[in-house]
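Structures are listed in the sections that come next.
Here come two complexes built around chain A, the first alongside chain B, the second alongside chain C.
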Partner chain A sequence: MVELIPIKSIKDIPFDENLFPGTPACAGCGGLLALRHCLKVLGKDIVIVNAAGCFTLLSIYPFTPFKNSWLYTAMACAPAGAQGIRDALDILIKKGKLDPKEDLKVVVLTGDGAAYDIGLASTSGAINRNLDFYYICYDNEAYGNTGFQWSGATPLASKTGTTQPGRLSPSGAEFFKKDLFEIWRSHKPPYLATISPSHPVDLHNKFKKAEQYKGPKLFINLSPCPPGWATEPSHSTILAKLAVDTGIWALKEAIYGDIKHTHIQKKFKSIEEYLKEQGRFTHLFKPQRQESVINKIQERVNKYWHSVQEYTK
Partner chain B sequence: MKLLLTGNEAAAEAAIQAGCRYYYGYPITPQNELINYMSVRMPEVGGTFIQAESEIAAINMVYGSAAAGARTMTSSSSPGISLKQEGMSYLAGSELPCVIVNIQRGGPGLGDISASQADYFQAVKGGGHGDYHTIVLAPSSAQEMANLVYDAFDLADKYRNPVLILGDAQIGQLMEPVEFNKKPKKNLPVKNWALTGAEGRERRIIKSFYPVKGQLEEFNAHLQRKYKLIEEHEVRYEAINIHEADIVLVAYGTSARICKEVVKKSLRFNFKVGMIRPITLWPFPKEITRKLSESVQCILTVEMSAGQMVEDVRLAVEGRCPVHFYGRTGGGVPTSSEIIRKIVEILPDNSEVNTLLQLVEAK
Partner chain C sequence: MREMLTGNAAAAWGVRLANVDYIPAFPVTPQTEIIETLSKWINDGVMDAKFVTMDSEHSMITAAGAASATGARVFTATSSQGLVYGFEMLYTIAGWRVPLVMINVSRGLSSPITLEPDHNDILATRDTGFIQIHCEVCQEVMDSILIAYRLAEDERILLPVLVNMDGFHLSFTREPVELPIIEQVRKFLPAYKPNHAFFKASQPMAQGVAVLGGYAYSYFKYQMHLASKKAIEVYREVSEEFAELFGRTYNTVETYMADDAECLLIMTNSFTTMGKAAIERARARNIKAGLLRLRLVRPFPEADIIRFVKRAKAVAVLDQNISIGKGGIIYSDVASTLYNEKEKPVLLSFISGLGGKNISIEEFEFIFDSLVKAVDKGEISPPQLLYTEAELIEINRLKNIVGKEKHYKFESGD
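Presenting the complex of A and B:
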């Protein structure tokens, strides 16, 4: 394996864009910002397989912000669609109809609804078959495209279209977010990582590293969502950074199942700073402060980091 | 008291009023108002609201609670309803009552999110696998959505059969005043089949699996007898100006609203336009359609599809009079002017074409 020299500064990120501006995405979409960085590394010789979700609306024929090919599938089965495309490319190469140098990378792109809920079985199948593909999940922690309803990725206490805080459920969403990283990691894929639009250098290096592996290469991006999170569109990157700084979004990677944290904060900010920034958590502070819920979220973050070796040693 | 509600919200509230306490949903446009409303309202009445991990999960949750004898419901829009079909077949095969709402959108494939009536075949011909039918009700206003959802639970219980509400994006999302004034129906059969715990009584079995040769055929014969009963007793339709009509329009849901406008405008014509609006799409109002075919010059079916219900109209007419079709697809909605132009085109005696067209253009 070739020795990789990771980039150190944002100045080292290539200037070339593979995602053009003027998309129908919402202003300040954290998923789109991360995708832009992902495509800088992936290049333009790719096929994106998009499950139904917000980003289905990026490419509305005859308009597209992409340089690459693009296919959308039913919500449950983008990784299955990726299997079909990979097979077709392999057959073309085998028959000598496609020069291996012109081979395309197959990239699945889905939101958290597809990744955490309805498409989980399809992803599990693709990882198990060691399908050579990338998976980028833009996780805005709810079904954004249908009006921000709860999903398996919705964190405890978030207000969504179907978890309205009220007399009967003052905290909003009642469950903790599913740990998709661990679900995927249990399959021991060659490469798996969490990314954030606020850490483009980390993102860049992770994609570069993933390039070396054949098989599933999966990424989960925490994507601030101004309309759903009720935040300022201009604050998306700040918020994504705050998620890392408070420790609620851990930047990490796992190679064949072995975890390494790529960003370790010496001292974490209080989770309250992150929650207070967002309209979807307003009910935790007004009209009455819900101390126990805030503590529960903070404890969960603390517990996580105490279990992390690199942090505790 | 009247409330200003979307068709989707009217469906949700009517279900609650009808005693539905179990609702399982999954987000999809254009039915999101329904699931959002249920998420707030269901806990208020002590019911169960679950946002499932997929449409397949949601319909199978319905399967479970229906087997326990509860009034239960799920809702979705076209692609999601496709995913539910296997579960619906299981429900029909196990003779379990439940209500499924389909707020249709444009297709095929991902299609779009605007109103469409292209799921007619899927709804009335079974949809899933096997010889079965769901009772299909088609509302054409928010008020009727409320009324039909309420009735759907009674029908489901009466016949131990799933009932499908076939709306569309316009019926689901338009806001109209809605009144909830339905009274609980008496004389509904006791649910002496429900799985409620067998202590102290004979065990009960709910199944759609008949591996012993001959048993399944016997069961299918029973189902067909039940469907015949439904066809005999549950047909509903609205007839407008059909007496001495020269031409009769057949349309349901949103296209029926537009056809009503055509009938209104036609009062200025020198020929009579009547209209049949099927409220039950299955069972289809065959009898009235057949009867009319003997007295009218022709029938025009108007749909937001490439022509699906028109097949049932032709089956009822059996060639007694010409059956024409006007449809728009992929989210297109016919206008009254388009329909009148079509009438002019098909009417055997169209000597007054110009006067008619002038009337059409005149606002």
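Presenting the complex of A and C:
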């Protein structure tokens, strides 16, 4: 394996763009911010396999913002589409029907609804079959394209279209966010990481590292979503950074299942700083402060970091 | 070379002869023998293709379509529940305009869950855009796969194809099948060279993209419909070429003693063989009976149907499917085909053979008696759900076991 020299600064990120502006994505889309960086590392010789979600609207006939190829499948089955493309490219090259120079990297691109819920089985199948592909999940913690409803990725207490705080149920979403990282990690894929648009250097180095492995290379990006989170579009990167600084979004990677945290804070900010910034959590602060719910979220974060070796030692 | 093959084995041979590149699979009774056979051939090195077992039929059909969109020649197979589990992807892949060929081995849909055939599974997919070829015998299954790739890959069509055969009655029945010489097959079906749908680095392409607005959506749907209609003409060309090379003729519809038939029976798939025997019995009773079997079901071969049906005085459609709350699906299609014809026969509807229910000699007799009555006396019977007394006795016996139908007295000797 070649020695990897990680980049140190944002200045080392390539200038070349593979995702062009002018998409119909919302202003301040945290998913798009990250995707731009992902594609800088992946290059243009890729085919993106997309599942139903916000990013389905990136390619609308006859336009596409990508330099690369694209296939929209359906909501549950982008990894299965990736399997078909990867296998077809392999067999066509093997049979001499396709020049190896024409080969492409296969990249699944889905939101959290597809990744955490409806497409979980097809993803599990693809990882288990050791499919050589990338998976980028832009996780905005709800079904965003339908107007922000609860998904398996929605965190405790988030207000969504289907978890609206009311008289009988004042706290919003009643379940903790599903731990997709751990579900995926249980398959022991060669490479798995969380990323954030606020940490492009970390993102860049993770994709570079992933490149060395054949098999599933999986990424979950916490994607601030101004319309859903009820935040300022210009604050998306700040929010993404706050998620890391408060410890609610841990930047980490797992190689064949072995976890390493790539960003350790000496001291975490209080979770309140992150929650207060977002309209989806305002009901926790007014008209009455819901102390127990806020504590529950903070305790969950504390508990997580106390289980992290690099942090506790 | 002639071999005794099941319908499933004949299907596998068709795939092997077609030099298919890729087979994503998922087991479901009664098609599993097809994928087991192909998997073994690939593992033994007698077939150069890639095989993968997917996590569901939904994933399987997606992988098949995506590989087809990449430029490979792809095959997959399913049945019944599997077909409807992957249903949304049939629409999706047809819209991609990729030349996937797929087999459905018909089996009644749950619930109640069962194993034996009827055609609600395949007919549920009739509006998806897939071309549909329905088979009566094992030889036809193998031949239809070769014909299917020619149709699907034809630049004038570029639609996926579903080849249908009945579970058990065809899938597990051994019949003599003539295996063609490979050079002849290559002549008929050359290697697939994708000119429209492919993925390669030198020529990036966005496939399956969204449209905004009904005008754009309608345009692409109309394109599919026109391509499917065009497929009738292409089908004739291809089947003529097939007949020249292999000596077997497959028209869009197959007729049996239909030339002078006053009473015409319309059927599909393997039970047609029973229908043909019934025609001979009816002829022995001096009924001018004949049969028309639909082979091409989508596109619907309207002109060919009209041509034969117009000669008859009374026509019966025997549907092995049921659109709950309406009736026979093929009946509706045939009725709408004939509606604007100035001279047309009376058209009767019968349903039988659901979930593999036998179509008895009595049922066929009842159909022909109804047709004769319609011709002689002008008596038009309403749509009939056929069921024999013996079957009623048997179901009542089962109901009796679970304590229902207490009034029913089980008679000794039954």
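One rule holds in what follows: the second predicted complex is superposed on the first by the 312 of 313 C-alpha atoms of A that agree within 3 Å, B and C clash if a C-alpha of one lies under 4 Å from a C-alpha of the other, contacts with A are read in each partner's own complex, and residues count from 1 in each chain.
Definition applied: a contact is a pair of C-beta atoms (placed from the backbone, for glycine too) under 8 Å apart; a residue touches a chain by one contact, two chains touch by 3 or more.
Predicted, not measured: the structure shown is a model, and the values here were computed from it.
Trainee: On the A-aligned overlay, A:76 touches which partner chain: chain B = first, chain C = second, or both, or neither?
Mentor: Both partners, chain B and chain C.
Trainee: Just to be sure I read the superposition right, which of the two partners does A:18 touch: chain B = first, chain C = second, or both, or neither?
Mentor: Neither chain B nor chain C is touched by A:18.
Trainee: Mind working out whether A:140 is in touch with chain B, chain C, both or neither, as first, second, both or neither?
Mentor: It touches nothing on chain B or chain C.
Trainee: When the two structures are overlaid on chain A, which partner does A:129 contact: first (chain B), second (chain C), both, or neither?
Mentor: A:129 sits against chain C, while chain B stays out of touch.
Trainee: Would you check which partner chain A:290 touches, where first means chain B only, second means chain C only, and both and neither mean what they say?
Mentor: A:290: touches no partner chain.
Trainee: Determine, under the contact definition given at the top, whether A:194 touches first (chain B), second (chain C), both, or neither.
Mentor: Neither partner.
Trainee: Touching A:166 in the superposition: chain B (first), chain C (second), both, neither?
Mentor: first
Trainee: Contacts for A:56 in the overlay, against chain B (first) and chain C (second): which applies, first, second, both or neither?
Mentor: both
Trainee: Can you tell me whether chain B or chain C touches more residues on chain A?
Mentor: Counted on chain A, the partner with more touching residues turns out to be C.
Trainee: Pick out the shared contact residues on chain A: the ones touching chain B in one complex and chain C in the other.
Mentor: 56, 72, 74, 76
Trainee: List the residues on chain A that touch chain B in their complex, please.
Mentor: 52, 56, 72, 74-76, 113, 117-118, 120, 143, 145-147, 149-150, 152, 161-164, 166, 168-169
Trainee: Which residues of chain A touch chain C in the complex?
Mentor: Chain A residues touching chain C: 44-45, 47, 49, 56-57, 59-61, 64, 66-74, 76-77, 79-85, 87-92, 95, 97-99, 101-104, 121-122, 124-125, 129.
Trainee: Going by the contact rule at the top, pick out the chain C residues touching chain A in the complex.
Mentor: 21-22, 24, 48-50, 52, 54-56, 58-60, 62-72, 74, 88-89, 92, 191, 199-202, 204-212, 216
Trainee: Quick check on the complex: what are the chain B residues that touch chain A?
Mentor: Residues 25-29, 32, 35-36, 39-40, 43-44, 49, 51, 53-55, 79, 83, 110 of chain B touch chain A in their complex.
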